[in-house]
Amino acid sequence: MTGGFRKKIRQKNAENSGFGTNASGRFINKDGLPNVKRTGVNVFNRLSWYHTMLNLSSFRFISYLVIAYILINLVFAMIYYLIGVEHLTGIDKSDPLNEFIDVFFFSSQTFTTVGYGRIAPVGFLASLVATFEAFLGLLTFAIATGLFYGRFSRPRAYLRFSDIAVIAPFQESSALMFRLAPYKNNALTDADVIVSAAIEVIENGIAKSNFYRLNTQMSKINTLALNWTVVHKIDENSPFYGFSEEDFENTDIELIVQVRAFDEVFSNTVVQRSSYTTGEIIYGAKFVPMYYPNKENLSTVLDLDKINEYKKEKLPDLVANKE
Amino acid sequence: MTGGFRKKIRQKNAENSGFGTNASGRFINKDGLPNVKRTGVNVFNRLSWYHTMLNLSSFRFISYLVIAYILINLVFAMIYYLIGVEHLTGIDKSDPLNEFIDVFFFSSQTFTTVGYGRIAPVGFLASLVATFEAFLGLLTFAIATGLFYGRFSRPRAYLRFSDIAVIAPFQESSALMFRLAPYKNNALTDADVIVSAAIEVIENGIAKSNFYRLNTQMSKINTLALNWTVVHKIDENSPFYGFSEEDFENTDIELIVQVRAFDEVFSNTVVQRSSYTTGEIIYGAKFVPMYYPNKENLSTVLDLDKINEYKKEKLPDLVANKE
Amino acid sequence: MTGGFRKKIRQKNAENSGFGTNASGRFINKDGLPNVKRTGVNVFNRLSWYHTMLNLSSFRFISYLVIAYILINLVFAMIYYLIGVEHLTGIDKSDPLNEFIDVFFFSSQTFTTVGYGRIAPVGFLASLVATFEAFLGLLTFAIATGLFYGRFSRPRAYLRFSDIAVIAPFQESSALMFRLAPYKNNALTDADVIVSAAIEVIENGIAKSNFYRLNTQMSKINTLALNWTVVHKIDENSPFYGFSEEDFENTDIELIVQVRAFDEVFSNTVVQRSSYTTGEIIYGAKFVPMYYPNKENLSTVLDLDKINEYKKEKLPDLVANKE
Amino acid sequence: MTGGFRKKIRQKNAENSGFGTNASGRFINKDGLPNVKRTGVNVFNRLSWYHTMLNLSSFRFISYLVIAYILINLVFAMIYYLIGVEHLTGIDKSDPLNEFIDVFFFSSQTFTTVGYGRIAPVGFLASLVATFEAFLGLLTFAIATGLFYGRFSRPRAYLRFSDIAVIAPFQESSALMFRLAPYKNNALTDADVIVSAAIEVIENGIAKSNFYRLNTQMSKINTLALNWTVVHKIDENSPFYGFSEEDFENTDIELIVQVRAFDEVFSNTVVQRSSYTTGEIIYGAKFVPMYYPNKENLSTVLDLDKINEYKKEKLPDLVANKE
């Protein structure tokens, strides 16, 4: 975290961010999770495996399930093999490999409870192991059922944030703007946004981060169906009041954004967070509209590919405001 | 969106609707979903398949499950057939069709894990495929279990709105009224309603929509057991103040209604929305009561078929209010 | 709804109860559900079967499952029997009854996917029916899984209300009191209570119900671990101000109580409602304490059997307050 | 509950704790559950088995499942044995023990629906019992599925509280402080804390507990990613105003803490409670910081093992404040 020239900001540090003033690096990552590592305790207590399983990509989640399935069957195949193939009927005893293959398939038929019976246990030990493998199989699929449901019923906002924020002309002054839009067939209502800024300042020669709550022109909307351009006017109440293009480039700034809305399918409040750092704020630019009437003029079309489109636009002369 | 004569409305545009003033067509469809199409991104990212599956009708949902079941079995039947029927025991090899029929049924017996064993895999490849088919079957039914639960546990208000709103006489003036009633054996409490109006006005020759929050006589009720007639009095604070019958007919109006209540079985807040457009507002009419005591006078009967019943009723002379 | 002598109540009707003033009979039943019957629409649309299944007693729920299981197997047994037992292997063909018994068991082995294979389908039609029966079986158990989960995960307050309310001496005046206690091993926090009264009055010779919100001494408590005695002081702001014992006996009164709390296991708000009518309000009585320190003085014991225990107690002379 | 010397506290008892002033022993246990025993009703009605199953440790939960599985199979094995092994095919009839072992395994193969078919029912009675055992098995696993999901989807805060609270120097005066930190990979936002104190006082020679809400310096934070040190300044509004070290040691004090936050994976509010009693409050001590920048200065590291670390620190002289 470096930064040469630093502005004196007159507004007081009014935010309870939960981050100390001497925390380092980006506070909130682009995906909304805090940039904090935890040590101490042991790793198993530090991990909520349910949170982990829910945050995996679909591909990795399925892969883990398949790998677990193969491993479990290999372990049980080994056990049956050690017990002895003579305790299973219908095994192809032509050579050890075939024997192992057959006990592996017997294991899978037991674990999934398909139980064709072509191979079946006859002795006490093999039967006992099979008894527990079938039980384990059912519990495993009970857990898988829960995880699948947990994964797809997890309330999510499905919002796309613009990659960049802009400093645009606004009401004879300027404003910080970014935008967001719901990109899925979900219906969000009663949305609100909270925007905070962490700005690195130098006090007594020591760099520390101050936190500010930014006022926005509209902090609530009824229906989040089109895009929402969040507008923070840079006036006397803004910590960015009097910032020049150079200030925006040379100061370590992080905008922390939290959007909250009600999703009618989940009947639940959904929250999504994101952040913008110094390099992601473009000075002197304006977003291009991203929705328009459809051909028949009967409906509105929202073009999600335009979310990052902007054009350069000169800001009103703010020299007077500078120190 | 057409409209000849347009009133000048004195009230200021105070609503953050989330729709731009130049969005087109109906804003909220009758079923409460926004009338917006999305483009950009790709269609798979734009669809939440969970939202899609939850919004399907029961008939279509079951049909999709059945079709998926048949298709999956056809695919696996094909694979077993290509591997060779000699790797399965008990196949009727009288002719290729019978062979295919038998591998199809073997597939279904594996996928559902019923596994009679009359037909059973013996070779490596067939066993391997069966191993994965049984696994896939269990995961598929895990997903189906989750979807079934998601569908029927989804909190819903089960409200029926009147198809029409009326402009009725009210306290020596007039009021805009519509009504709604819970139609299922659910118990809703702490209900509230929010009514907004989008009214198309012409400013500088350009038609744009302004949004107004409408005051209602009672915006909260404790128990939503009978019908609820929502009443917006047309007084000086109403954007409809001074509207004549002609104005109501010639202005593009859209009422957007949101009802929110607590359902005690879901222990969750449920929300339902609807909308009324110009053609659905009847000037000079009054709703007919829809509940009455039962014969023994010990309980109240709510007749849901009467929800749209109204009789014409002359409004008090509002000429004085007109410009 | 009868009532001879009726008091004039000075307080204004300030409650939006959701019940009309001319609804009849008890408004809220003892179990908290509104006393309203619905007609119109058709019965299938008027029933939320999920709400119905969740409100069944455990015994009836299990009984319905067992009956459904037997009926489904009888229907499929019939179908297999009509297709012909020659399409199933392993059937005991000694007489038609034995045949039917065997196809019934084959059906159950298919529906549950146990599939021993002693009886197995061989022909096309029987195999096809079995294919769908196994599929139906899995979907049925998917639904049963969802219902079981829905039933036991349904957030409930598990509150026991005293069967009676009392008019007890309180702060040199009197107060209406009833009490409630959590009776299970759940932990409720942030509880609040809302008490309304419906009082039948005669206006212009017509009996109608007026609704009043009753003030309570404490309407919120942090931890609902012991019993909670809800106290409504009968002072000038109470609709019962100046009521004599005779008035309480002769007026149709209904107290509607709603308790709301946060359950930490469900992590959800739970709500429970109840009501008290004229006959359930005892004039001149006081509740007996229902908790006491345990022997070692290290913990508190709550005796739930005492919830209805009270002793008669003379009220302060309120004649002066009467009209 | 003992305590020699007792301070006179000027602040009024403003808290509705839900505990009576004469409840005894600790109010809230360290794990956040109230220290109350319930009697009356019968034990089955007093237990919510769902709450019980969700609060079990994983080890005990799995153990109960395994034990139930073995018991159920023993019961069914007994039934099949009594019906007679001649109604089952494939039984090893070499001696009664082997017969019992085989019916036990047949039972398990039926209960799990694995149904190899090597042992299969042939008579009416054995088939009927098997029909119901398979049905029972599926319902049992339906319930197990629900319990697994209920257990791991249960919203929990995963907060670690410091074992001790300290009285530390603060702004030229002193403050009561304790701290807490999230210890898992969950993301908590919008956290708030409520701190109450139960202080035993002697009024008219009788010891009773008074409840006070304690003001904290920051009662809300945006992101609960690092540790949170909750600070209650001991000023004129604090019930501890003027307390000496001796007072803190000799008075029965219990701090009741409730933290509430929003978890983004569960999309739900999570709550965790804890308490501190007299012996757990250290006078004249200061917490040691538990987070620091990582080596590259790009991220913050939170060391959870330091949560209880403090160093002794002399408090400013408070004699002037004493009575």
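When the chains are written out, they are named A, B, C and D in that same order, and each has its own residue count from 1.
Just so it is clear, contacts are C-beta pairs under 8 Å (C-beta built on N, C-alpha and C of every residue); 3 or more make two chains touch, one makes a residue touch a chain.
Bear in mind the structure is a predicted one, so any value in this text is a computation, not a measurement.
Visitor: Suppose you list every residue number at the chain C-chain D interface; are over half of them used by both chains (same) or under half (different)?
Guide: Different: fewer than half of the residue numbers at the chain C-chain D interface appear in both copies.
Visitor: What's the rotation angle, in degrees and to the nearest 5, for a C-alpha fit of chain A onto chain B?
Guide: 90
Visitor: Of the other chains, whose C-alpha centre is the longest way from the centre of chain B?
Guide: Of all the other chains, the one whose centre lies farthest from chain B is D.
Visitor: Centroid of chain C to centroid of chain D, CA atoms only: how many Å?
Guide: Roughly 28 Å, centre to centre.
Visitor: What is the distance, in whole Å, between the centres of chain B and chain D, each centre taken as the mean of its C-alpha atoms?
Guide: Using C-alpha averages as centres, the distance is 39 Å.
Visitor: Could you tell me which residues belong to chain A and also touch two or more other chains?
Guide: Where chain A meets two or more other chains at a single residue, that happens at 109, 113-117, 145, 149, 268.
Visitor: Quick one: in the complex, what on chain B touches chain C?
Guide: 65-66, 69, 73, 92, 101, 105, 108-109, 112-118, 141, 144-145, 148-149, 152-153, 158, 160, 183-187, 189, 191, 218, 220-226, 228, 262, 264-265, 267-268, 291, 293-294, 296-307
Visitor: Which residues of chain D touch chain C once you look at their complex with the stated criterion?
Guide: Answer in residue numbers: 1, 15-20, 22-28, 32-41, 45-52, 54-55, 89, 109-110, 113-117, 120-122, 124, 127-128, 130-131, 134-135, 137-139, 142-143, 145-146, 149-150, 154-156, 194, 196, 256, 258, 266, 268-271, 273.
Visitor: Taking the complex as given, what residues does chain C use to touch chain A?
Guide: On the chain C side, the touching residues are 113, 115-117, 145.
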